Each structure stands twice: as structure tokens, then as C-alpha cells.
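Below you'll find the structures, each written out as C-alpha cells.
First chain A sits with chain B, and in the next complex the same chain sits with chain C.
Let's look at the complex of A and B:
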């Protein structure tokens, strides 16, 4: 029997939490689904020992006072018919029926292949942070943080606060771009405060712009990283490399549903409405704009989905401000051309299927590369190598097919039974 | 690119088109291959990829066996990414009736020089421990093999290119015939011989040929090395999938060199949309779990569909098309295109060069279809 919701939110990060709260306030039967064990998303993920930091605490508290059904450990993998999603949860398969849907599926790190990037202990910046939160001991470990984007600084500060030594932070963006970005931050007090805090947390940590990883070295695990810095290469010893090249939006579910995707992002209007009726989208899938934009978009989506358009419209001006910040992020941390040349012929690009750069170079399209090398055909379904090859070869991604995540064969073959519960409910009301 | 003249223009860069290109090109004919997508992107890329002998009819056996032998000759030259693996097929018998079919098949193959082995219930279970208990037995066909079809097509196409063939990809054909192939961008290719190897789409290019789209679904799992050792096909297949009229599913699983398991199969007429049909997926996977219950616990990473080119008598169309002297057909291979591609190319080139074919070709001639229509 399907579980049925007036408003269903997919994704339990800031955008999803904000959407669910605003939707539920109006009395709508609201649910929020997330594939992690707890809500919070990547940014509000916390270790068991940590207390919830502001502003996450405030939002978590608000969520608890509203009547939202929380479904964690639940991963949506298909929409067999409009208004009905299928999800896996532990050993169960769930049918989730909705009247309105808010997609808040967040973003993931972008990885770019360089020689040695597949060595053990070379990780995504956010990935390493998540592992430390899950208990990986990092005290006195030397961690080089390299790549691009504001996440690098946040991760470096976090790791340092947990006892890691950060020999250097390498940011591929130029000083010029960073300076312009920094100046624009001064206009906003909140961001300025955050930046000051980061500066204190990272006092004494060398920061290099115009710098990027060139090759990781080691036998059983990484032992050093060669970086390019101001046109010169240097090798630095380390125990870990935390490397990420900004974020790419998780648009797979939106694409599966048939939402219009423009320039890689889910296209929405000022009320977060996608091209599909009754489907809204908020947060990073619409643009990479950070926490504040995600929260506002989530609120707008939750309000609009519960038919409180005037209230939603009052937030639109604020959204515009943070959308400008998103565009600045995009400009500042756009990838430099040199990064296209990092991989050597034998550098693995698709980790799932062990496909090296040399085999991909022969192909003219993502479709041909997939067919003839199996690039992107492994368990990650191209989530890692897709954005990489999009940048390296300028290939455009394929259409999305179900299942959007790997699922048990038995889940794919589970028969759907029964009518959604709300149908009965409506009948009883008549 | 300008208009050009060739000896042969092949429409379709699937495995059949690639095999034909190689066969013509190595005889020093000037060959061009045209495809709207990339090499091996149609049924070739969507299918399972088996090299199997089949006994639905004498003609089907002759073609599959001839082609299997051609693959065995080519085997040592194939590039590693073709992943040719002679894992053998086991036809699985669920009941006494199907065990009778095992004996019949064993005799049929034996009479024609194909060694097979009858497995009792115990031997079957030893061969494939993940099959459920209570099955009756099976027939092991050791020479059957599996491969990765897109790379097999690409291998053949590379060979053709080494012999001078020109491969034109991403180009749609708007019309073919009368010694001309017209592309939708206006380019015209001229040749005395035009080969329609467009598979499920061949009837759109040569109206009047009786080739219909027969949709199939497949699911592939994550890597589970050792979970499955042979290609397995249920003998209920004979009762279900071969019936031409209705939608059907059958238990058919295949181990990939990677350790992945391909799970099939389904057959549908009249379903022309590319999206997976939920009901067919459910039926197909439930059928697989009836035979191999623990398949249900494996992680499925993708599912997709494809279109087989089906003919009414389940035999391909290989040879001159009576409606146009310049048009030759190499299509209608349904689920056996990978197996029979090499033989198809040989037979076609034999006909054109006046060489005596190694097997009787009459059952595959396109002219047979018009004769049958006269009866109907």
C-alpha cells in the first residue's frame, strides 16, 4: 500500500528541511525523504558526539515542532507513474504517492582525474570530512586540501579543528578572481563574519591560489602530492589528499521525472516551480549557491507548494540577492583550462570500470565512450566520471533511466498493489 | 564531405553492418558504412551478446553453427575488450516434459556434429549452485560463448577501416535505392550495391520488407564474480518466447567477463517506445527469481530496452531485394544477430561475388518472403 502525502520532499539537507517545515505549517500532510541515516544533508552532517551548530539547530527544532513524517535511510529510485515514487529502505520497498513534490537533492563534489588520484587516502574534500565525522582518526595527519571552491576552506578548518595538520590549501582560481570575490563578500555582513571566522580557524595555514594538484604519489597509499603553484611544481609529503573541484548538482531524479534541465541545472521559475506541474525544486540542483540560497529556495518551494504564494513572493527579493552570490561563485571557481591536461594516458577516469584516459580520448561522444569502454556504466552510474568527462572532453550527458540508484533486483521486480491511502481519505470526506 | 561513389554502401553500423563492411572491404571493394549514431548503438549495444547454436529449424541451426565456427576461427584475433568467453550454455529443464526436450536437443545436436552433455538434477546444481532446488536437469552446450557486442562490432569495423572502408557516423539516411543513398544533410552516396543492415529500422528504409520491431528488456547487476558460470536459458523459452504473437518473458542469464550478470529476457511486439515497461520488467525479473531466487538480493545497476528486427519465420533476410536491383538486405536477425553476423556477411558477399556458399542460402533469401505472402 503506498504511503501518501500532500507534499513530499526529496532530500533532507537545508533546502529540503526548509521546504518541509514551510509546507507542513499550513497543515499539509508532509513527508521528507533522505537516503542518509539522519537529516541534515552534507553540510549539516554531524558526528554523534557533536551538538547541532547554528543555524542547523534552529531549523531542526522547527522541524520537530511541525508535523512532518521523516523517512531516513530511504532512497528513491524510480517514478513508475506520475505521482508515485518507488524507494528502497533497508530491506523494504516503499511506494510514496504525492500530490506535490519538492526536489531538494543537493549537490556532489566534482572530481577531476590526475595521476595518482585513485590511490588510497586521496579523497574528496567533503568525503574526507564526512569520514572524519563518522570516526576516521585525523589527529596529527598531514592533509593537503586541493581543488577549487569555498568547500575547501570549510573542510580545511574542520580537519584542523580535529587535529589535522594542513601543509597547504591549493585553490586553482587566480588571486585576481579570488580578490574580486572577496570584495563582493564585504557587502554582506553574514558572509563577512563567516569569512572572518574561517580566517581565524585557518590562521597559519598556507593558502595558495593559482595552484592545483598535478600528481599523487605512493605505493599502498598516498605519500606525497606534486602541486603546480605559480607555474612551478613542488612535491609535498602528506598522509591524505582532500581534493574536490567545486560542486555539481544532483539532477538525476529531476531529469528522470522529465523536468527541464538548462545548462546542467534544473530550470525553475521565481516560485521554484519546475517545468512539470506540481513539481518544485530547491537548493543546489537549481544553482550552486550555498546554504543561504538553499534555505530561501526551500522556504519558497514549501510555501508555493502549499499554495501560500503571497508569502513565498515576499522571499523572492532575498532569493535574488543570494542568486547573485551563486553567479559569483560560478565565475570565481570556474575551472581553468590547464586542468583538462592533468590526466596522463594511463590515468583512470572511470573508477567503476577502470577506464583510462587514453581509451576515452578515441571517442567522439559520451554515448560512444559508454558503449565501447563502459565508462559511466558502473555502480556510480556516471556520477563521478560524467562531470569529469563533461569538462575534459566537452561531452554532453545522456538521458537518465531508472533506476536512478542501484537497487536490489527484488526491488525492481516488486509488484505495486493497492490504491494510495489519500484516495480513501478523500472519499470518506465526501 | 562531398558526394561520393563506392562499390558498396552499407546502411547500419551494428554488428551485421560491421561484419559486412569487413567482408566486402577485405575483398578490395570500396565500402562506405553509414549510421545515424555510433558503431554498435542499436540492437548490438542493447543485446546480450551470445554466440550460440540454435535448433528452431534446420536453417537456423545451419546458420548459427556456421557462424559460430567463423567466430571460433576469429577468436584468437579478437581484441581483449571483445571479451569472448566460451562459458557454454545450459538449457535448464524444470520438469519431465522439458527433460524430454533436453534429450531431443541432445540428439539433434549430436546428429549434426555438436557435442552436448545431458546434466541430471545433481550435476545441474553442481554446475550452477545458485539455481533453485527441484529442477530436473539440463543440456550443457560447451561451445557456446558470450562476448561484449559493441566492442565486437567496433573490432570488425576497425578491420574494415584498415581495408579502406569509410565509416560515416551521425548521419541519417533519408532514402536508399536505385544505386543511391541520400543522407538527410543532402549528401548523396552512389554505389551499385546498397546493403540495408539497419536492423529494426530496415523496413522504414526499404518499404515492403517484413521486419518488425520486437522490443526487449535487460537488467545488469553489479559485479559478483563466480555467482554465475554459464549462460542459462530456460527450456520454457520454447513454449513462451518463441510464440510470435504474445508478449513473453523467459529466464535467461549471462555472466559477463566483469563478473556482472545480465538478466533477460522479454519479447514484445507493438511496443515502440524506448522506455522500459514496468510490467515487463517485473515479469522478467520474477521469472529470473523463480529459477535463481538469490538473484533478488543482487544489486541492479541499470536496465534498458532495445529493438530486435523480427521476421515472421524467425530467419534473417540475406541477399538481393526483389524490388530493387541495387538493394541487398542483411537484416531480420531478431535475437541472433551477434551469433550470425559473420555468416551473414559471408553469405551476402558469396552471392555478390558468385562464390559457392558453404551452406544452402535459399532459406535466407529475401525473395522467400514474397512467395510466402502469395500463400497468405
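Let's look at the complex of A and C:
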């Protein structure tokens, strides 16, 4: 039997939590599903030893006063019919029926291939931070942080506060762009405070604009990184490289359901409604705007999904303000052309199938490359190499087919019979 | 409850703080998570369950994402080839 919800939220980061709270406060039978072991998403992920910091604590507390059903460690992989999702949890298949759906699937880092980027201990910036939160000791380790976007600074500050040495932060954006971005931050007190705090946390850490990673070196793990800085290359010793090039939205589930995607983002109206009736979307999948925008969009989606439109509309002006911030992020951290030349012919672009750059550049499209090289056909389903090739070769992504995440074959067969596996098992034992 | 969890990575015993993920245990054991199709050692990249670079075999079940799997007492973890 499926579990049924009036409003089901997919994704337990800030947008999803805000949506679930607003929906449940309206009296709707609400559920929230997340792949991770705990709610909070990437930005509110914490180590077991850390207490919940504001503003996350306030939202978590508010969630606890509602009766939202929380399903963690649960990954949605298909929608066999409208209003019914299938998800895998541990060894079970869950059927989740909904009247209304809020997609709050967040974003991931964009990775750009450069020689040596596949070496162990070359990770995403957010990736390394997540590993440290999961218990990886980082004290006295040298971590070069390189790529683009505000996440680099936040990660460097976090790692440093846990004892890491940061030899340098390389930001590919120009000083001019960063200065203009900094000036616009002055208009907002919250952002100014955040920026001041970061500056204090990173005092004494070398920061280079116009700088990017060129090649990682090592045998079984990274030992040094060559960077390009003001037109000159230099090699710096390190234990880890934390490298990410801003964020890309997780739109796969929205695309699978048939929501309209525009310019890489899920298209929504002022009430976070997608092109599909009863399907809403909030947070990073609609634009990369950060925490504040995600929370407001989540609230709007939760209110609109529970038919509290006037209340939702009161938040629209606030959302516009943070949407402007999203556009500034986009302009400031747009990728410079030189990065298209980072990969050498033998640099692996598709890490699942080990497809090098030289084999990809022969092809004119993502589809052709997939068919001829298996690029994007491994377990990540193109989530890593897709955004990379989009930038490197200006390819557009393909359509999405179920399952949107690799699942066990037994999950697929359970799907075909329309019976969750554990239910069949229970019946057999009766 | 103990603060430490003991498990094996490729047959070697290792003890990690309770709550650590299998990806952390594999890193502390100095092992790659998997060997790529052309024979390269690989470890975690995204840290959030998307890239599948950290997949390992846990208690005989292959292709588990080690960054999404908390360590449990007595777990047997092996790198994948």
C-alpha cells in the first residue's frame, strides 16, 4: 500500500524544510523525503559533534512542532503514474502517493576536468567539507581551494576553523567582477555581516583572483597542484585540493516528471508553480540564489500548495530582492573562456567510464558522444560530466529516463509488478 | 554507546569515531574506494551521493555509496575494481 500525502516535498534542505513547515502548518498531511541520513541539505549539514547553528536551529525546531512525516535515506527514482513516486530506502521500495508535490532537490557543484583531477584527495569544495563533517580529520592538512563561487570562501573558512592550512584560495573571476559584486553586497546588512565574518575567519589566507587550477600531481593521491595566477603558473604542495566551479541545479527529477526546463532551470511562476499542475519547485533548481532565496521560495511553495495564495503573495516582493542577488552571483562567477582549455587530450572527462577529452571532441552532441563513447552512461548518469561538457563543448543535456538514480534490479522488478518487495515478502510469510 | 566503531577495510581493522561514514574509514585506511575502468585509483569527489566515485562493497553488497553510509560495528568493506 502506498503511503499517501496531501503534500509531498522532495529534498530536505532549506527550501524543502520551509515548504514542509508551511504546508503542515496549514493542516495538510505532509511528508518530506531526502536521500541523506539527516535533513538539512548540503548547507545545513553538520558533524555529529556540532550543535545546530542559527538559522538552521530555528527552522528545525519549527519543523518539530509540526507533524511532518520525515523519510531520510530515501531516494526517489521513478514516477510510474501521475501522483505516485517510487523510492528506494535501504532494502525497501516505498510507494509515495501525493496530491501535490514540491520539488526542492537542490544543487550540486560543477566540476571542470583538468589534468590530475581524478586523483584521490582532489574533491569538490563542498565535497571535502562534507567529508570533514562526516569525520575526516583535516587538522594540519594543506588544502588548496580553487575554482569559483562564494562556496570556496565558506569552505576555506570551515576547513581552517578545523585546523587545516590553506596555502591559497584561487578564484577564477577577475578582481573587477569581484569588486562590483562586493559593492552590491553592501546594500544588504545580512550579507555584509556574513562577508565581514568570512574576512575575519580567513585573515592571513592568501586569496588570488584571476587564478585557477591547471594540473594536479601525484601517484596514488594528490601531492601538489599547479595553478595559473596572473598569467604565471606555479606548483604548490598540498594534501587535498578542494575544487568546484559554482553550482548546477538538480533538475533530473523535475525533467523526468515532465516539468518545463528553461535555460537549465526548472521554470516556475511567481507562486513556484511548474508547468505541471500540482507540481511546485523551490530553491536552487529554479535559480542558484543561496539560502535566503531558497527559504522564501520554499515558504511560497508550501503556502501555494496548501491554497494559501494571499499569504504566499506577500512573500513575492522579498523573493524578487534575493532573485536579484542570484543574477549577480551568475554574472560574477560566470566561467572564463580559458577554462575551456584546461583539459588536455588524455584528461578524463567522464569519470564513470574513463572517457578522455580527445574522444569527446570528435563528436557534435551529447547524444552522439554517449552513443559512441559511453560518456555519461555510468552510475552518475552524466551528473558530473554533463555540466562539464555543457561548458567545454556547449552540448545540451538529453532527455531524462527512469530510473533517475541507479537502483537494484529487484527494485525495478518490484516496480513492474506494482508491488513493493517487502510487502510481497510479508505476504509470503503469512 | 562507545565513541568508536571498529570495522575492516580490505581485511585490515580500523577504528573510527562513531558517526563517521564509510568513505572516511576507507580514507583513514589509506585505500582507494574503487579502481576505475582503466585502472586508476579513485576516491570521493562530491561528498553528497551523486558522483558514485566513492562506491565500495559493504558486507558483500556491491556499489554502496560510502559517503552516504554510516560505519557500523563489524562492517566488512572492500574496495571495488
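The rule we apply is simple: the second predicted complex is superposed on the first by the 414 of 430 C-alpha atoms of A that agree within 3 Å, B and C clash if a C-alpha of one lies under 4 Å from a C-alpha of the other, contacts with A are read in each partner's own complex, and residues count from 1 in each chain.
What we mean here is this: contacts are C-beta pairs under 8 Å (C-beta built on N, C-alpha and C of every residue); 3 or more make two chains touch, one makes a residue touch a chain.
What you see is a predicted model, and the numbers here were worked out from it, not measured in a lab.
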item	value
Which of chain B and chain C A:108 touches, first, second, both or neither	second
Which of chain B and chain C A:171 touches, first, second, both or neither	neither
Touching partner for A:239 - first (chain B), second (chain C), both, neither	neither
First, second, both or neither for A:368, with chain B first and chain C second	first
First (chain B), second (chain C), both or neither touched by A:25	neither
Partner chain in contact with A:42 - chain B first, chain C second, else both or neither	second
Touched partner set for A:284, first chain B, second chain C, both or neither	neither
Partner chain in contact with A:412 - chain B first, chain C second, else both or neither	first
Touching partner for A:6 - first (chain B), second (chain C), both, neither	neither
Broader residue contact with chain A after superposition on the shared chain, chain B or chain C	C
Chain B and chain C footprints on chain A, overlapping residues	353, 378-379, 406
Chain B residues within the chain A interface of the complex	37-41, 45, 81, 150-151, 154, 169, 219, 221-222, 258, 263, 276, 278, 281-282, 284-286, 288-289, 295-304
Chain C residues within the chain A interface of the complex	16-21, 23-24, 27-28, 32, 36-38, 40-53, 55, 63, 67-68, 70
Complex contact set, residues of chain A against chain C	35-37, 42, 47-49, 73, 108-109, 111, 118-124, 126-131, 134-137, 220-221, 348, 351-354, 378-380, 383-384, 406
Parts of chain A lying in touch with chain B, wherever the complex brings them together	80, 353, 364-365, 367-368, 371-374, 377-379, 381, 401-403, 406-415
